[in-house]
Structures are given as structure tokens and as C-alpha cells.
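The block underneath contains the structure these notes are about, expressed in C-alpha cells.
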Amino acid sequence: MEPWRTAISTSDEKNIFIRGYSITSLMTQSTFTDTIFLLHHSRLPSANERRLFDAMLIGVSDHGPAAPSAAAARMVVSGNRRSMEAAIAAGVLAIGDAHGGAGYECMQMIAEGLELARRESLSVRDAARRVAADAKLKHRRLPGMGHRIHTEDPRTRILFNMAQQYRVAGDGIAFISALEDAAGELIRPLPVNIDGAMAAVLMDLGFSPPIAKLIFIIGRVAGLTAQVMEETMRENPMHIRIPVVYDGPPPRENT
Amino acid sequence: MEPWRTAISTSDEKNIFIRGYSITSLMTQSTFTDTIFLLHHSRLPSANERRLFDAMLIGVSDHGPAAPSAAAARMVVSGNRRSMEAAIAAGVLAIGDAHGGAGYECMQMIAEGLELARRESLSVRDAARRVAADAKLKHRRLPGMGHRIHTEDPRTRILFNMAQQYRVAGDGIAFISALEDAAGELIRPLPVNIDGAMAAVLMDLGFSPPIAKLIFIIGRVAGLTAQVMEETMRENPMHIRIPVVYDGPPPRENT
Amino acid sequence: MEPWRTAISTSDEKNIFIRGYSITSLMTQSTFTDTIFLLHHSRLPSANERRLFDAMLIGVSDHGPAAPSAAAARMVVSGNRRSMEAAIAAGVLAIGDAHGGAGYECMQMIAEGLELARRESLSVRDAARRVAADAKLKHRRLPGMGHRIHTEDPRTRILFNMAQQYRVAGDGIAFISALEDAAGELIRPLPVNIDGAMAAVLMDLGFSPPIAKLIFIIGRVAGLTAQVMEETMRENPMHIRIPVVYDGPPPRENT
Amino acid sequence: MEPWRTAISTSDEKNIFIRGYSITSLMTQSTFTDTIFLLHHSRLPSANERRLFDAMLIGVSDHGPAAPSAAAARMVVSGNRRSMEAAIAAGVLAIGDAHGGAGYECMQMIAEGLELARRESLSVRDAARRVAADAKLKHRRLPGMGHRIHTEDPRTRILFNMAQQYRVAGDGIAFISALEDAAGELIRPLPVNIDGAMAAVLMDLGFSPPIAKLIFIIGRVAGLTAQVMEETMRENPMHIRIPVVYDGPPPRENT
């Protein structure tokens, strides 16, 4: 059998190295957020990059038990009391296109929008307007924009302010801000949500689309572990009862 | 690297064998239930064993969307629309000690009860009485007995009747029936539920404890796939809204 | 909160109904395979439909420990000895586009091919030829065709023979057989594999694409439970050692 | 239906609060590690507590593709290319008693050891000696001690040094150090590994046992996301081929 290949970490009897740094030097001189950046980008972040990563990870870390990921995790605890890893894994499985996955699609949309601007020599604003008009025409959702609960996502402004202040803000933030304006004019108010804000910042930091989903998962796992502990400690097994209405076939004979 | 070992199946360019039987002969001459039995017991079942396995697999195949496994699966669909395998896996993860796992523990209890009878030359009835008295004393639940919804589990009687009729019924069913009587007298009415009934029948068929959980999982996956399809086809993403009460710290300053 | 809706099953204190049939009548008069059909199609199968479903479920039930689903499940056992449901769920998670998911895509391809025939008044053979030519031009894989191990999948012929004999075979089987001929001529020999054979038969039985993946999952779970039991019973924890080559950055200083 | 209860987070149209702190103030003034501590302990950590948490999270963040969690995750990618959450969840599922779960059991062992010291007025050293002697007698493994690869775990000394320097070290570290001495004398050299070191530090920080497993999961998810990205980006589907030896029944007839 061929061996597996990895460029992430290696170890011998006395050492473990992550991307070439000894794990003991990371433990004494770096933060967990530095290590997350290192694991995915193969270099340590600057102070500003670290702060932005911290802000993003915190921003997605928890949103209460009603989010599909937390609800699925707590449901699993409800039937399976002895396996915290099962409940946390179920929570991770609920992170998809409709919950926590918009950042991925939004990064792809921004990349395509900026490519459109380049290809057709449009300004970023005009490219964003074209994307909004196209979405309207095709009745397509704009990923990373709008929110069920928040009319204005409090996390977006904070992230964009930090990116401006740290001089990280570039075409990613410019594009999605222009898209917000265009959508407000052509479709309806669709404020940039945390997924969209993260997508724009991660573009401006030089990452490629899947990172948005990975950051969401890493951050949210911290909330899921807390949700799972709370359900385990405070609630009885099977305590969650969701009412069900049956609208299928009436009783019939099996003959 | 050492190779992995298996005694379950093997294949070459033209054939696949399961426990020595060619898969094509199984496909034409056997049922899926025969194959489930074969995979776990390394021989094909008799007609009566097949009927009991069918009855058990059907008996646990679905219990509506409010069961923790179905609820977790539907929650996952709610956030993650494109990955049916993720939702089904989350459903499997909810099958644990409090939901679907009682059969496993019940088989262990029956095995210990029958061992007690043997060791101390007690009748099965007397051993069951000792187990019930001991559970009362230690405030311990009797696995496989009692049910949240059903005062009398309709599946239990059917399974026991089939086992009698097919002359499979032995000490397993005798023990749990005696335990039901003793619990009713010493504790409170605790009718044998489907997990307990399956445990007793599987003991009398010569299986060891983990099989009860495996049968539950195989049977319930059939219901979970149907639940996941229904949620996908009939409901919007994020449609499930569970009310939440917050009882944690009030707003405070981070300084 | 709004209740959940379901048309699958319902229960009261004394009864459980699946699609309107009492579970006790199913337990005594039907097979597990009947119930799988019923759960997904809301009616009981004919004898021939049952036999085809049995053959498909058996055909995908196991393919040894090296299949990604079985390997992932056994890996999980290797680290986590006490949670069979975790290992089985991990196995289910490996069932995707490259393993077990081809039936889904193949049903979509057949549906599009038959739609093309209808729209452009082509024969099924000519439509299949167009699809093969198009795949060649765009360097696209044909889902459900070709196999890493089997030059001729032994399960395909059996399934097609059964479908002919039971007079179920229709445009689905006609299309994929024509596609096999056309691919052999235009691309290279690409025999219909079990995923493709199932896809064609399920089309001819009147099902829609996701069912192919669901059948694969239900069938394979039976193999996964056996694989998980075998790993638990026969092997030590952490016994699986896959050799790894590190090709990342050399040791460096974190300063 | 009763609402769900939570003391973790709450939100309204304009705000999200975690344990009472507005998420925007956390995003600008705290680190992700602070937030992990806050989510689980309901207060922000001191600078020294934060550094210890960073060191622990980094210390468990990755150990290469051969660890059961990374191997299971990469196996899932191998079959299922489009669902990173499925692969990461499978990795989490491999974190159990034999991989990453020893910290949990070790915290329980330390708690019992210290309780023994209190109850019988023993010194911590004498209690540790009793625990080692008892393990020897009963042929029981000491959780958190010994390692397959490392003769001396490089992470242990670093963590203990930090705990001494920050004046956090207490009875937890004293007990496990004494246990290492006693085991070396009575059994064989069993150096404290990272799980044991974390367990001791978390005891001295005032946490209860499950936290050790949660920290392992949160830290390791950062490595798993990197492993999953690497497998997705660098390898073909199904590229992992594990050799298998079949030792089951020879071909036989199904008649």
C-alpha cells in the first residue's frame, strides 16, 4: 500500500511539528487562533490577521439552541446520553447550505463578480450591480445577505470596521458593500450578514472559498460543546417533545 | 503495513461472496433479511428465524418524527439540504442508551439473570424476582421494560406469540415474562416493551447482546431515510422553530 | 410552535401505524423489504417488486473492509470502542458522489436522456448515443458505468435478468444498455455497474432519483453493522497503522 | 410544548449575547480562546488561564493523518467529495476511549485519588501509590499515562512548567506526578501523556471531567479541517487502498 502524504504535521519519538514549528514552541508563544491560521495557511498570522480570525471565530461561535446545529446536537443527547462526540458530530452535520454554508457560496460569488469586473473592464460597483440584477431576474438568493432574525447583523459592521482599521479591506469588502447597495435598490433591503462579512474579509485576506465553511465549523464547535454539556447536565433524557400532526393514509388492511 | 482481516466478504474481478455465498445466488434466492442474518451469524436463517428477524426489523423501523433519531435527522435536513447521508447519520447517532439502546442492556440483564439462576440453582421465576427486588432497592431502571407512550406495547405480544408458535421461545422469554410479573408486584406495572421483547427473542435465538442495538439501527435506518426524504420534499429549510427561554447572566460589560 | 407534519407513521397508546397499516399486521404478514418499500412508496410492493428490492438491497449490502464506508467505520472503532452507532454513522457519511452515490446521478442522467428522446423525437438508442458523444466531448464521467475492480459487474446481469423475467424492464434499462453499447464504441468499454443497474431498474419501477442513494444506504448499513462488530470483536484499539510520508515545511523557528 | 432552556447565549434583532457579553465586544476585545473558556465556564479567563487553555488547545490540535480521527475523516473524503462537514463529523466520531478520551477518565481517576487521600487522611503521594498498586493488581490501564509513540511526551513538561510558573499547579499535578513515580516503580515507565497532563491542569483550574474531552474535540477539529482540505485538494477519490485478507468461509452453495 502507498503511504498517505501530508504537509501538515509530523512527529517522532520526542517532537511534534505543525507546518514545521515545534508544537512546544507554539504552546508557549502562540495562541490557538494562530495555530488555526497556521494549520490552514502554512504560516503564522500577523497581529492584525490574528485579530480578524479571532473576531470571525467568536462571531460564529454560538447562536442559541434553536439553530439547526445546536438543535440537532441536543436531540442526539436526548436519546444518547453517553456519547458527547456523537452529539457534537450531529451538530457539525447540520452545518450546510442553509445554515453556516453561505460564506462558502458567497466567496464563490465574490470571486466570480471580481472576475466579471476584470474580464469586462467594469468597476467593482458596476459588476456588483450586474450580479444583483442577474439574481433578481433568475429569482436567485444572494448568499451571505439577509437574515431571518437580524435586520442589521451586529457582527458585520464590527468586522468591516476592523478590516478597515487594519488596512486589510480590499475588493472583497468593496464588492459586497456595492452588492448590498444594488440589492437594496433593485430587490429589497438585504444587509450583509455574518457569513457574507466573513466571506468578504477572507477574500481580502487571500483565502479561497472552502475556508469560510471551515471557520464556521471550527468556531461553532466551541458553542456546540457548550450546548451539549448544558443539555446533558440540565435536562432529562427524551425531554424534548415536538408536537406532530399525521396527515398520511388512514388505517387500512394489509391483506 | 499489515493487511486488514475480514471473514465477512471477499471479491475478485468477476465475483463477490458474502460469508462464502456468491452475491448473485443470494440476490436470486434469498431475501434482504436472510442476508442481514447471514452477515451477522455466518449462516442463512431457517424460515422461522427469518420471520422473527423480519418482525423485529419491521417493529423498530419507524416511530414518527418526534423520536430523537428522526428529530435529529430532520433538524440536520433543516440546515443542510444537500446531504441526505449527513441527516441519516445524525439520526443513527441519536440511537443510544435512552433511545433504541435498551435491548442491548436488556440482553445483558437477562444473561446475568439466567447466570444467577444457574449459579444459585434458582428457578427462572425466582431469579427474576431477585433481579426485580434488587432494582427496586437500588432505584435502578429495568432496561426493556415500560414505555413513555404505550401502556402495553402492541409489538411485544406479537413477537412472543410468533416465538411460541415457531418453538423458539426459551429461557429468555421466560425470564423477562417473570420479571414483568415480579416488577408489577414489587415496583409498578412495567410491561415488556419492544426493546425487551427483542432482547428476549434474540437471547432465545442464540445471539449475544450487541445484536439488539444493531438490529435496531438496521431497522430504524429504513424509517430515517423516509423521514429525511419527507422533510426534504415537503418542508422549507430552517422551518423548525423551537421556542427558547434564556436564563443565563444578564447583559454585562467586557472590560 | 407549529407541529411537525408527517405522512409516514402515527401511533397512540395501543397502536402504531406505518402508512396506515398497523405495525402488528406488517410484523406477521410482511417482510422487512416490504416495509422498506412501503415507507418510501406508501404502498406495499407486488411480489416481483419485492424480489427486485431484495436483490438490490442484497447487491449493495457489503463489499469488504476496503470500501470507504467500511474503512471509515472501522477507523472510528479503532479510536472509539464503546459507541457502535458512532462507527456506523461514520460509515454512512462516506457514502457520497464517489462511493454509492452514482445511482442517484445515473437516475438523473437516464431521466435527462429519456427527456431528450421525447423532446427531439429520437429513439432511445439515438438519445443514448448523443449522451455518450457529449460525455466524450466534455470529458465527463458517465455515472453508474465502469468499475475499479470488476470488468463485468456480476450483479448487473442478474438484476437485468430479473427485471426482464418480471416484465418490469422498460425505457430505463433500454437506455442504459444502449449507453453501454455507445460508450464501448465511442469511449472505451464501460460496463454498467451495480449503481447503474439499480438506477435503471428503479426508473422502470417509477421511482425518482434520490431513492437510489437511499437504497444504497439502507442495504450497506447491514454490512456496516457486521464490519463494526468484526472490528470490535477481533481487533485491538488503534491497531490500524497507515504509513504516512511528510512533505511539508522543514523544522523552523517560531520567533 | 415547553420551550428549551439555555444559559449560554441569547439574541434579539440587533444583538447577540454570550453568557451576558455582547458578541461585538467579545469580537473586538477578546480572543477565540477567551470565548471558548467563557462558553464553558460562564466567565472570562485570567491571562494565565487563557495561556493554559491556548497551550492545551494547540497541544491536541493535530497529530497527523494516521490518528484514527484524521484517518476516518480522510476515508470519508475518499468516498464523499462534496461534504466537508461529513468528513469532519466522522473525525469527531473517532474521538473516544482509545483516542482523545483518556483525559476524561484521567480526571475521574485524579478526583477519586484525591477523595481517597481526604477520606483516609493519606498524603497525595501515598494515595497515588495505592492507585498504582491497585491498577497493577487488577491489570488495569492508567488513563493519561504512556504513549504509543512518544517515550516522553514533549507537551507534558511544557504544560506543567506553565502551570508552575502561573501558580496554577495544585493537587491535580501533584497527584499525577506521584502516580508517574509510583507506576515507574511498581509497573513500568508510564510517562504522563498530553491527555494526563491536560487532565491534571484542568483539575487544578477547577473544571470537572467532561471538559477534558471537550477541549480535545475543539482543539482537534482545527486539525481535522486542515486534514480534510488537504485530502480534498491533493488526492483523488477512492485513492486509499488498504490490503485486505479474507479468512471467512470458502465458497459454498445457497440451496
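Chains: A, B, C and D, in written order; residue numbering restarts at 1 for each.
In this section, a residue touches a chain if its C-beta (ideal position, glycine included) is under 8 Å from a C-beta of that chain, and two chains touch if they have at least 3 such contacts.
This one's a predicted model, so the numbers in the text were calculated from it and none came from an experiment.
Taking the CA centroid of subunit A as reference, the farthest chain centroid is that of B. At the interface between subunit B and subunit D, over half of the residue numbers involved are used by both copies, so each side presents largely the same positions. Distance between subunit B and subunit C, defined via averaged C-alpha coordinates, is recorded as 24 Å.
Rounded to whole angstrom, the centroid-to-centroid distance between subunit B and subunit D, based on C-alpha atoms, equals 31 Å.
Subunit C and subunit D have centres, each the mean of its CA atoms, that are 36 Å apart. Among the residues of subunit B, those touching two or more other chains are numbered 1, 4-10, 22, 26, 30, 64-66, 80, 82-83, 85-86, 89-90, 93, 95-96, 240-244, 246. Listed in rising order, the residues of subunit C touching subunit A in the complex are 1, 3-10, 17, 19-22, 25-26, 29-30, 42, 44, 80, 82-83, 85-86, 89, 93, 242-255.
Here subunit B touches subunit A in the complex through residues 1, 64-69, 71-72, 75-76, 78-83, 86-87, 89-90, 93-101, 148, 237-238, 240-244, 246, going by the rule given at the top.
Touching subunit A in their complex are the following residues of subunit D: 1-2, 4-16, 18, 22-24, 26-28, 30-33, 35-36, 39-40, 53-55, 57-59, 61-66, 74, 84-86, 88-90, 92-93, 95-96, 149-152, 154-155, 158-159, 162, 210, 213-214, 217-219, 221-223, 225-227, 229-230, 232, 234-235, 240-243.
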